[in-house]
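Chain IDs A, B, C, D, E and F follow the sequence of writing; residue 1 opens each chain.
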Amino acid sequence: MDQKTYDKGLEVRKAVLGKEHVENSLRSADEFNKPFQDLLTEYCWGSVWAREQLPRKIRSMLNLAMIGVLNRPHELKLHIRGALRNGVTKDEIREIFMQLAIYAGVPAAVDSFRIAREVFAEAPKA
Amino acid sequence: MDQKTYDKGLEVRKAVLGKEHVENSLRSADEFNKPFQDLLTEYCWGSVWAREQLPRKIRSMLNLAMIGVLNRPHELKLHIRGALRNGVTKDEIREIFMQLAIYAGVPAAVDSFRIAREVFAEAPKA
Amino acid sequence: MDQKTYDKGLEVRKAVLGKEHVENSLRSADEFNKPFQDLLTEYCWGSVWAREQLPRKIRSMLNLAMIGVLNRPHELKLHIRGALRNGVTKDEIREIFMQLAIYAGVPAAVDSFRIAREVFAEAPKA
Amino acid sequence: MDQKTYDKGLEVRKAVLGKEHVENSLRSADEFNKPFQDLLTEYCWGSVWAREQLPRKIRSMLNLAMIGVLNRPHELKLHIRGALRNGVTKDEIREIFMQLAIYAGVPAAVDSFRIAREVFAEAPKA
Amino acid sequence: MDQKTYDKGLEVRKAVLGKEHVENSLRSADEFNKPFQDLLTEYCWGSVWAREQLPRKIRSMLNLAMIGVLNRPHELKLHIRGALRNGVTKDEIREIFMQLAIYAGVPAAVDSFRIAREVFAEAPKA
Amino acid sequence: MDQKTYDKGLEVRKAVLGKEHVENSLRSADEFNKPFQDLLTEYCWGSVWAREQLPRKIRSMLNLAMIGVLNRPHELKLHIRGALRNGVTKDEIREIFMQLAIYAGVPAAVDSFRIAREVFAEAPKA
């Protein structure tokens, strides 16, 4: 493990997904999933998300599109919250999911719109 | 069909995918696929791509991410060319496909990098 | 938007998915998802479902097969109800999902059979 | 193995995919893929395709939709030829792939239309 | 149907998925899904799982990898329990899902780790 | 980057995919894909493949199953060659792809068997 990459990754991960959520994930990690949590922080967040060649707002937009195709509701929810934190507006989220309807099909978009509305309903401020 | 939406769609489609490519698709359309070409032009291009709430450059970036996940090499090639036309840089394409590696897995990214390099090799200027 | 296509789409959408369900979707639409609801009604229902070259019963059968592959439980439930409305019998639904088992794999079919049984259990008459 | 199911499967498989194609597959089978060829003939063709609760024409239509989603060009080609043998018309194939565009997205449909046109171009009579 | 293959399949299915679970599935089968249950037992379990060229432990490991990609939470849960019965250790499950993270992407692995932890939490002894 | 992890990754990558293939990939890397090649070597190979909790033979088997589902022919070919290097036998490859037929559907298996036979035909000795 590269400690500097890990530390940077942890910082970005908290900034995007929320400090509380990430600390909770790490605190509840056990022998079974700890190596995966480490990989996630270093590889996903330290080696890719932390790269400065794309602004985080764009990375969030790409993620909504990709996770919408990949059909992973838990992760989509997490990254819609992250997108709002990174400055993606509701109008932009709508555009992403309308484009998703065209490229990945209507059911992918119907699910994604429903999940986004659940996130908006829960958020104190969106 | 809404003629205004269709016309706007045709204009955007040509601007993104190249006039020659689109005119070729339309000229070669026959009774079998003409209704699909019309649908494509009106909805995909007129009703979604033409919306101004997202700049075309961002739409191209989303498409590279989505089509990378969807595993459609022909369309990916077309939209990498479109992305270059819309001002997405090679550096940005690399970032998109590195993020694709994280979220959709390494094989999706290996294929997408290879296809991008094929497009760069063919283009007179990229 | 083409008003005639939209109106026709709305009519078909209500006939297939149920008047109450569709009116509920439209009534609860807000600034965020209204443009998507419009796209859905015009494009999916007015420009494709309303085409008369395939009977609605066949379209419903195709949808069960496709949505079974696409792995979208909410949409599958909706379209199983729609299929029953369009005259697809339980025996035909079984055949579709057995064929799904062969082409998309056993887990897709196990999920689809379970969802179909949930729909049959809820319906006053199927 | 149930010989009766196998024999029935072989008969249906030849009727749908073409006698020459199937005999070629069986003749070229070796120790490596023979058990798979047997599985295919008995279960896919004998236990599912041979069931009479759905006409073969409908089964072909479902296959075009499913294989279009599954993104398997070789199999799609084979089953477009099979669909023509089973009486699916070109107009019906267009409708299936337009519906595919809606539910699985535009790239799936673009690929499927292209492959269908390749099949039509090769066939002496379609 | 080949009775011997069916019987062998039933035996293996019970050994892997648990006697109670399988008997419950069969008891609750009705006219609608009985033919599918029969296909499942004979084809999936009798003709493939029962083959002795791979030990059941390896088959379980392959299943966790494949079902992790296929994104089917119900089946994944069932087969994590089956994997534990077949002697796959928690450490091995972790390795499978870390490899899944690399090849199918982080969201597939996040979901699979969460589901595995739910199974471990429920099991009296894992 | 963690140099030790990278070096270990490079060693494992060469051992599995072939020295010549890997050196060729690295030699042809340019500014565009070099960061991705580095990510691949360090994380995929150094942080996951190099972990000793699963033997490489098992990792190869998992990869054939996963890449078979993921529908990536180039990668599948590469990893069938890698699997042969890691001691997976042709008989075991057959079993993996027969199980793939059950869980991911017949078209996934038909494609995978065809690709495996292409690899076997090319190899001087398999």
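The rule we apply is simple: a contact is a pair of C-beta atoms (placed from the backbone, for glycine too) under 8 Å apart; a residue touches a chain by one contact, two chains touch by 3 or more.
Keep in mind that this is a model prediction, so the values were computed, not measured.
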Graph separation of subunit E and subunit F (steps between touching chains): 1
Same or different residue numbers at the subunit C/subunit F copy interface, by half rule: same
Rotation angle (°) superposing Cα atoms of subunit B on subunit D, nearest 5: 120
A-F or C-D - the one linked by more C-beta pairs in contact: C-D
Between subunit F and subunit D, distance of the C-alpha-averaged centres to the nearest whole Å: 30
Rounded Å distance, subunit A centre to subunit D centre (Cα mean): 40
Of all residues in subunit C, the ones touching two or more other chains: 39, 43-44, 48, 67, 70-71, 94, 98, 101-108
Contact graph of the chains (line, ring, star, complete, other): complete
Residues of subunit C touching subunit B in the complex: 1-2, 5, 39, 42-43, 47-48
Residue ranges of subunit C touching subunit A (in the complex, touch as defined): 32-33, 35-36, 39-40, 44, 67, 70-72, 74-75
Subunit A residues within the subunit D interface of the complex: 102-108
List of subunit D residues in touch with subunit B within their complex: 71, 90, 93-94, 97-98, 101, 105-111, 113-114, 116-117, 120
Parts of subunit B lying in touch with subunit A, wherever the complex brings them together: 43-44, 48-49, 51, 53-54, 58-59, 61-63, 65-70, 91-92, 94-96, 98-104
